[in-house]
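One structure is given below, represented as structure tokens, and several questions about it will come after.
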């Protein structure tokens, strides 16, 4: 058991708070001999970086990653890879209000009840800044799963969904919303900007797909690929739901509608549909692995909300400061990282038990 | 890492296949001195037992549990509790078709690709019979969390949802659907029976609530109460999605709609709402912990589905035999068990780090 | 964390008490497709079985193992293998004395202080009967490590050591002491018999060697092959010390005496010595892996020893009943099992990280 | 499974190589609210620091620790504590020889066979510099176990043992050998200096005792206090053996000689002896916990040793550079740290299962 680690064989641990000197991750169990430098990691951090548009928090963090161990002459050595990102833009603001009163929807009250006190500066450990460490670790995971491609996008903001018929993967990096539907992206400009100006916030749904996952990753019962993805996604700040394949919609289908027929193919079977999202019995089938993740609206809003102080007195709170009007947007690189991290771990676990890299003992 | 274990400090491992001689669980880490006998476990197994109405599979299993270790003079000793349930009604049918061709939606193909072969009798390890072992372990978990009450119910079958205004907890055990809305239960009789007669199947959504959970259980990042519940639920056969609190619906709310205001109360704070489902920052707040779980329609149906044989030849398959027309129904005791198992584990982990049983270091 | 499990990827959990209905093990993570039946396990249990000579306890247990899951058509399926051994010869004796007073050197007092009470019948969970479950699991581990041969023997009883110049592996199964030196075995007959008649007991040292371990198993820091062997051996009842290679004697050598020179060989390097016991930096070198384990004399003796009752009153205790005059003797199959279990686990972990079975990425 | 982590509930992970920019540890699971600053850690690092006498390596490292997370306003927050120590004195020497040929007794060959290549600068991850991270983590562990005192000392160098009758704890920090016997310390000056001048090296035995450990820490089978200590000690570089209590000597005692009689005492029982080293059945008894650890002589010596190159050619090697003539000496703070780390972990695990801090459920 480790409260701040994730994974079994490809395992990473993160540390750091929003306003501490730095944050980081230690990646353990990485196979040796993989080409790795900061340049492999930085682009993913850059994609996650705040302050890149008016639709995200204005905190300016360069998020420059340093590799402190585990790499020699440009290759992983098989020993732990320590990654560090310095915090630069911790604004020395007045935290007396947050220290005194609980922000509803934030971890403030729960931390105080659990630990007796809390680092209230920027949310401390509960800040979404922790996800930078995951994104860095995820970049290494991508190298481990080689041929697998992982792509996420925002599928819905504030209830306004993309149109699947306009899905264009090229669009995702063309707009500040990681939106694959150019038209939806334009609508969201207005939507998110209005929320921002109102001091309100919006929720979002992110979709993620991994292609090239060989059949055989996962395990029947308590290490199901599905359950590993579910826990991975639900560790991300602000997530409230996760579904694999058709998910909740599958609960409204009949058995014959939900079937994924199999047909002979040139290179293994072909599937007539992918309602299951690429898994069966907890194990990958070779189809794309697909999940969706629900992000709640950012809890930090300018509308006053009833709350109490540490001493139990009634008060109201307004969360000023630099916040994302839709925290889900910046979740895209994090969701991708978590998917890559789960898959890297599953690959190594499959190897351990079955002696191959998946796809069947040919 | 253990593929067939769940939990960190209160940990259980299950074993057994659908058509083997028995199945069971080993519960490790249980506190000593707890009163425990088979009679504490059997009622939960009886609730899950198949063959109790025409709406579930007709396999008749007494599911009598035996405690083989870890209890002395009626109390847990702190050593592992071994639970065994014998399989009685493994019908000696002809499995040649299932052995040869893959049933879409089942684990057949994935197992073959992963392990090279599979125990095809009744689905082997992928059978929902494994959940009997969880339910038995869950009965022990309930004893560990003492004052916490865990209740689940079916909230929706085949897209037909209960009416919250007719919610009556007393109803849940009054009908074969674990349905808290008597009127919905009546509609479901027709709905499920028709699916059964059609050889079709229906999905379902189960809701689960735990009351009496003290503030403080869970941990900030990779042992969030949310992520532990998510993984627990997604290890159950046929689940495709999980949400905490408002879940996916929260992604469509604005920040001010989704806030759970706090007010001073006589005994700790009172909350104006529970959109969050009882957690904040991954830690329980003292509010009821609430989740919903999506079950896909049973994959075993009488409609022929295209598939392939082990040799890659095209064929069609019809899954005869004894099956649940809506596997979600029998998921209710399993969802309750998993919730109890997560909470017991979280209680012990909280104790380890914080030295109390939760609710704050008073 | 699991108190009653061992191993990371090839992991087993044991359960059961001396006087409960049965004891057993669940082996998780076993590779699929391995030929396995009870007949592969029984011979190792038979070697460990009590009551086979006057030099061991007279408890008569057939120790018949049953495989309850994880094997189909004679092969492991990759799912958990549940092993059960029924207890048959729990003599219905009077335990009132043991229940009331603490036997020095036994777990009685520690259990009471930890758990508040204990199953005092035959030592409950602290009985060496638990090792039957390990031996059964170890037989499966041997199959996983295929080409590796594991052999243990008694090297010393009551301070009387074997003469290395008379070491003959054939002898080990020719005498009731697992002694490779026929002359020492004869001396031990007198030595152990006298201790038995005196109501006294003797300690022993067991040596264990694994040949055929490829270079590369283990890991640099906290999963060293050395530390995994050390913990494995120290979990066996009555063990008080473990050493790898020359062990404590190495602490009395100078650097040049302790060096294991390397020379070019036909098939990899040849080593001029094996002071290190087959590991360097925590990783196997391809040389035989060698360790020694110290067993204390059985604590159950007929000489009265001062002790206290549960109520803290002074008393004397004499441990009557069926006991081993030298518990170390029957440790041989257990030490072998633990070595095999460690190596199987290391093999799978090496596979996970490095993608081969050891011996170098050729 | 994590190759570079240790502990279950109080868990630390280390990272870093001898010649990388830094090394460090992440401590996870630490209870909240503990007073902690760098000043609590530094003295232990200073005790371990190299270059303090001519009897240890001349590498000069300030070993200044920085706390990067997990502490707020002088107290632990319950979130991970990241510790970093920069490497300063990595001498830019010529490593071409070490890169090419294997140093017997070092990890060189094993790493190459496992990972395919290695960071050969100063031994990379296999360098004893890693132990600085443990010592830092150990300082935090000491705070967790509060009342427990942990003391280690060198009991023997090169076969020359201290005289127990001259044991004086005050002496340990009065000489460069952590020797409690002033006379032995004087003999060791000559002994170690001669070995140093000869380019040879000596082994050592370290003893460690923890007093104030309450009864009840540990667990019956695979989390025995004994086995946890054994694995902890055997993860330290250059260790080859570990024993609890009388250890190997117990194997030469008779049952009645090895008994630890119990007598009524004012505050719990009193024990007539402590052959067992403070544990029974894997659980602490309240007596001092005692172990001894064997360190081999440093493998780096000036005597030429036969070896092979990476290409399998015969050659000789002489290990120049800055080395400890007796690496065991500097093991004292490391052994103490590991003992403290094991005990902190056991305390939290005991809490989890039994709900108290040990000493019995009074």
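Chains here go by letter, A, B, C and D, matching the order in which they are written, and residues are numbered from 1 within each.
The working rule: a residue touches a chain if its C-beta (ideal position, glycine included) is under 8 Å from a C-beta of that chain, and two chains touch if they have at least 3 such contacts.
A quick note: this is a predicted structure, and the numbers were derived from the prediction, not measured.
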Intersection of contact partners for chain A and chain B: C, D
Set of chains whose contacts include both chain D and chain C: A, B
Centre-to-centre distance between chain C and chain B (centres being mean Cα positions), rounded to whole Å: 38
Distance from the mean Cα position of chain D to that of chain B, given in whole angstrom: 45
Interface hub residues of chain A, defined as touching at least two other chains: 1-5, 8-9, 14, 29, 32-33, 78-79, 114-116, 125, 220, 349, 353-354, 361
Chain D-facing residues of chain C, complex: 1-6, 8-9, 14, 102, 104-116, 125-126, 130, 156, 158-159, 195, 200-205, 215-224, 226-235, 239-248, 250-264, 269, 272, 275-277, 279-286, 294-301, 303, 305-308, 312-314, 328, 349-350, 353-354, 358-361
Parts of chain B lying in touch with chain C, wherever the complex brings them together: 1-5, 8-9, 11, 13-17, 20-24, 26, 28-29, 32-33, 66, 68-70, 72-73, 75, 77-82, 114-119, 124-125
Residue numbers on chain B that touch chain D, as the complex places them: 1, 9, 29-33, 78-79, 220, 348-349, 351-355, 357, 361
